[in-house]
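For reference, chains read A, B, C and D in written order, and residue numbers begin at 1 within each chain.
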Amino acid sequence: MGKMSILVAGRTSGLILLVVTSALLYYFMKRAGKGFVEEIRKLPPITAIDEAISRAVEMGTPTFMTYGMAGGFTSDTLVGLSALRYLAKETAEKGCELLVGVGGPRTLPVARENYRTGCIEGGAPELFKDENLHFFTSQQWAYASGVMGLMEREKPAACIFMGYFLVEGIHFGINCRRIGTMSIAGNPGLNMSAFMFITMDYVLFGEELYAAGAYFTGSPVTINTLATEDVIKWALVAIVILGSVLATAGNTMITNLLGL
Amino acid sequence: MVTMQEPIFVELGLWISAFYVLSCYSYLYRYNRFFKFAEHTMIGAAAGHTLVMGLNNIRDIGINNIVAGNFIYILAFPLGLSLFARFVPKYSWIQRYGFAFMIGIGMSIGIRSRLISRILIPMIATINAVNLSHPMAILNSIIIVGWVTTVMLYFLFTKKYTSESVVITYVRKIGRWGIMAAIGFYLGQTVMTRLAFVINRLEFLLFQWLRIARL
Amino acid sequence: MLMLGLGILMFIEFYVDVPDSFLDVTKSLQNFVMIISAFAMALGGITLLGHHGKSVMDKKPGQWFYSLWLLVVMFGFILVGVSAGTSGTQYTWLFNQFFRPIDMTIYSLIGWLVVYAIYFTFRARNPETTFLIIIALFTLAGNAPIGSAIWPPIAGIKSWLGTVPNTAALRGFTMASMLGSIVISLRTLAGMERAALGG
Amino acid sequence: MKLNEKGKTTIMDKLADIPEQYIYAILAVILIVPLIKPIGLPIPITGDTIKFFDAIDALEPGDTVFFAYDALSMTWMEQGLGTMIVMKHLLLKPGIRVVGASSSNQGPPFWEECMNSIGGISSYGKEYGKDVVYLGYLAGGETMEAAIARDIANTVNVDSYGNPLSELDLMSEVNSVDDFALMICLSSGWSFGGWMDQWVVPYGIGEYVIPLAGVASDIWPLMEAGLIESMIAGSRGAAEYEILLKSPGRAAAGMDAQSLGHIYVAILIIVGNVAYFATRLKGED
C-alpha cells in the first residue's frame, strides 16, 4: 500500500469503475423520470412463473419458494427477496398459498416483511401466515435437508428457487423430479448453476438473475438500470479487444491502466 | 464432569453416527421417516449451534469490548433489539434501522473488493494470456479472447443495446456454446470429488463401524 | 440514507488511504453486524420454537414427535454449549455425533444424485447439449485414472479443456455476473430497491 | 415411458428410463466391492505428483518444512488423503522437521485427526517440540500470514497446546520464512493464494499445494507462471503419492472405486443416449 498517495495503490481502477457505474446509473434512472422506459428482452423463466403458479392453483397445492442459504445480505439474496415479494403478490392475486424456505437468520425478518407487504399488495392479507415461513438456519445441509423435507411433505406443484445456491441445487433438482413439480431456478454462479441447469425446467443463470431483479420490481427506474449494465459490458468488451490487439504489438498500456 | 473420551462414549458415538449416515442414505430409496428424523436433528443442531456461536459473539465482540472501555459497542445492542420491534405492531417500523444497517454494510463489503478481483483482474489475465509464439498458442488466444467477450455479450438485455441484429444473435449463440462447454467441463470434473465423498462415507461404514477387514 | 452513508463509508475505507482511527470505526461497524446477527438468530430460534412448539402442543399427527426432537436437540446444544463451553469435550462430542455425520452424509448424497442426474439429462437432444456431453465425456475420461492408462493423451486434452475453453467462458460469465451484482447493490444502497426494507 | 403400438414397453424404453433406485444400487456395488477387495487397476502417475514427491524426498536432515494447515471439515474427505500421506512421508524421513499453523479455525481438530490416523508422531521416532510443532489456529488472515513470515516469535506466543514457544526446542532454531526449506499448503478452497501473496511473492520460498480436485484448474496457470511449485490434486493425486511412497493405502484403494465409478457414468451416458435415439426413431415411424 502506497503511504504517500490519497488512494490505495492497485485499487484506483476499481474506484473509477465504481464511479463510472454510479454516474451511468444516475443518468439512466433520471431518464425514467422523463417517462423513458427501455425495452428489454423476455426471459422465459420469468414468464414461466405465472404458468407455474396457475398450475399450483389448478392442482390445489401451495407454491414453494426459497432464496438460498443467505448467510449474509448479498445482491443475490436481495434478488431472492424481490422475487419473494413478487411471488407473494402473484399468489395472493390468484389465491394460492406460498410456502417460504428461509435460510440465514439475518434475512428472516426482512423476508417476513416482504411476504406480508406482497400479500397486502396482492389484495389478500389473510394469506400471510407466520407458519408459512419455514426457518432452516444458514448451515448449508440443515437448510438443504429442511427444504427437501418440506417439498416432500407438501408436494407443491410449483417450486421457485431464486438466490444464491451452492451444490444443494442438485438435491433440489432431483427432489423436484421425484415429486413431479414444475421447477424454476435462478443462480448467479456458473459452476453451481450447472447442477440446476441440468435438473430443473427453467434456469436463470449469472447476470440473468440480477436482471430478473428489475423484472420483478417492474418499475421503469429499475428497468432502465439494465441499460447501465449493457453499456458497461460493451465498454469492457472493447477494452479487452483493444488491450489484446495492443498486447500482440507489445504494448501493455491497457493492462497497466487496469492494474492501477 | 464426565469427559467424553471414555470408550463407552466413543463406541456410542460411532453407532449414532452410523445410524445417521444410514438414515440419510435411505433417502436414495425414497423420502421416509428416517430421513425425516435426521432432517429434524440437523435443523435442531444447526439452530442450537448457531445460537451458541451467536451468544459467544455477543460476549466476545460486544460485552468484552464494552468492558474494555470501547463504549461505541453499546450502540449495537439497540440495533439488534430493533429486530424484535415487529412484536409490537405500532413500532414495527423501528426494525428497518436494523435491516438498513445490515444491508448497508453487507452490500458495500460484498462488491468493493470483488469489483477488482472479479472484473479487473480477469480482464488483465485475459489480455496477458494473448500469445502468438506458435500456432497452438494463437488458437488458444483466439478462443480465450473470443469466448470471454462473447459470453459477456450473451447477457445483453435492452433492445436498444442488443440492437437485435443478425451479428449479435450470432455472437450470443457463440457465447452460449461457451457456457455449455464450461458446464460440461464442470460436470465431468465434479464426478471425481463427489465420488470421493461417497467413498469416504462408505469407508466409515465398512471399516470404522462394521470393522470389515480389507481383503 | 443510513444505508447509503454506511456504504460510502465502507467504500472510502477500501479505496482511500485512511488513517488508523478511521479503520477502527469501520472495523467496529463491521463487528456490529455480528452482534445484530446474533439477535437475528435469536429471532430465528423464537420462530422455530413457535412453529414446532405449536405442532407439539396440537399433537399434530406424524409431525409432533419430530418437532419435539428438534427442540430437544436445539436446547441440548444450547445447554451444553453455554454450560461447558464450545471447546470442551462434551460439546465436541455432541457436535461430532449429531451435526457432522448428517452434514457430511447429506453433502455426499451429491455423489449418488449426480450420477443419476447425468444419466437422465445427458441426452443429445440438440447440437448444444451434444457439445456439452462430449466435453463432459472427455473430462470424465481424463479424470479417471483408468482413462489415461488406456490412452495417455487424454489427460492433456482434459487439462487443455480446463485451462482454455473453461477459463474463458468462466471469466466472461463471472465478469457479467459481477456487473449485475454491482448495479443491484448500488441500486439498493441508493434506496431504490423496495424489497430491501420490506416497506 | 413411451409405449409402442402393441402397448408393450420394449427393452429400449426401459433403458431410456431406468428407475433411480436401480442406478444407486448398482453404483453401491461398484463402489463397495473394490473398497473391500482392491483390484489394482493401473494408476498412471502425473508429473505434478512426481515433482511434489521428489521435492520432499530431496530434503536433507535438518531441513524444516512449513505446513499451512487450513483444513475444513467439508473438504477433509478429499484433501485429508493427500495431507496424511505427505505428513507420513515427512515423518518417515529422518531429520526433517515440521512447523504447522492454520489460518482456518477448523484446522486444529484435523491436525489431531491426521496425526492419529498415521499412528502418532512418536511411532516415527520423532518428538513433539523437537521435530514437530503445531501453532494452532492463528486469526488474522493474510495480515497474520505476512507477520509470521517475518517473525514468528513476535506474533505467536503459545502453540496449539498452550506451551510457550520459548520452551520448544525447534522454535528456537526457526523463526522466519528464511528458516524453512519449503512450504506446503493444505488449501481450504483458495487459501493457497493468500500464502502465495505473503510468502512466495516477497520471499521466493517454494510453495506446494494440496487443493481440492476442483480447484486444481486454477493452479495450473500459477504453476506455469512459476508462483507455485507443484500440487497433489485431490484424491487422485493422493493415490499417486501413495504409490510413489510405496505404501498404498486408503487413497489408492479408493482409486479402483473411482475408476469403476467413472466407467459406470460413461456407460450410463451411452446407454441413455442409445435408448433415447432408439425410442425416438421408433416414435417417428
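Following the convention adopted for this analysis, a residue touches a chain if its C-beta (ideal position, glycine included) is under 8 Å from a C-beta of that chain, and two chains touch if they have at least 3 such contacts.
Here the structure is a predicted model, which means the values were calculated and not measured.
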Contact-richer chain pair (by C-beta pairs counted) among B-D and A-C: A-C
Farthest-lying chain, centroid of Cα atoms versus that of chain A: D
CA centroid of chain C to CA centroid of chain D, Å: 22
Rounded Å distance between chain A and chain C, as computed from the means of their C-alpha atoms: 15
Separation of mean Cα positions, chain D and chain A [Å, integer]: 34
Multi-partner residues of chain D (each touching 2 or more other chains): 20, 24, 77, 213, 217, 236, 258, 261-262, 265
Residue list for chain A, restricted to those that touch at least two other chains: 11, 14, 18, 72, 74-75, 78, 105-106, 109-110, 112-113, 135, 137, 139, 141-142, 145, 174, 178, 190-191, 198, 206-207, 211, 226, 229, 233, 236
Residue list for chain C, restricted to those that touch at least two other chains: 11, 14-15, 33, 36-37, 40-41, 43-44, 48, 92, 100, 102-104, 106-110, 112, 114-116, 118, 120, 122, 133, 136-137, 140, 143-144, 162, 166-167, 169-170, 173-177, 179-182, 185-186, 188, 196-199
Chain B partner contacts - residues on chain C that touch it in the complex: 2-11, 14-15, 25, 28-45, 48, 66-67, 69-78, 81-82, 84, 86, 89-93, 95-112, 114-115, 118, 128-129, 131-140, 142-144, 161-162, 164-182, 185-186, 188-189, 196-199
Chain C contact footprint on chain A (complex, rising order): 1-3, 5-8, 11-12, 14-15, 18, 21-22, 25, 29, 72, 74-76, 78-79, 81-82, 84-85, 105-106, 108-110, 112-114, 116-117, 130-131, 133-135, 137, 139-142, 144-145, 167, 170-171, 173-174, 177, 188-191, 195, 198-199, 206-207, 209-211, 213, 216-217, 221-222, 225-226, 228-229, 232-233, 236
Residue ranges of chain C touching chain D (in the complex, touch as defined): 92, 100, 103-104, 107-108, 112, 115-116, 118-120, 122-124, 133, 136-137, 140-141, 143-149, 152, 155, 159, 162-163, 166-167
Residues on chain B engaged by chain A in the complex (per definition of touch): 27, 30-31, 35-36, 38-40, 42-43, 45-47, 49-50, 83, 86, 95, 98-99, 102-103, 106-107, 110-112, 115-116, 119-120, 123-124, 126-128, 130, 132, 141, 145, 148-149, 152-153, 155-162, 179, 182-183, 186-187, 190
Of all residues in chain C, those that touch chain A in their complex: 11, 14-17, 33, 36-37, 40-41, 43-44, 47-48, 50-51, 54, 102-103, 106-107, 109-110, 113-114, 116-118, 120-122, 169-170, 173-177, 179-188, 190, 192-199
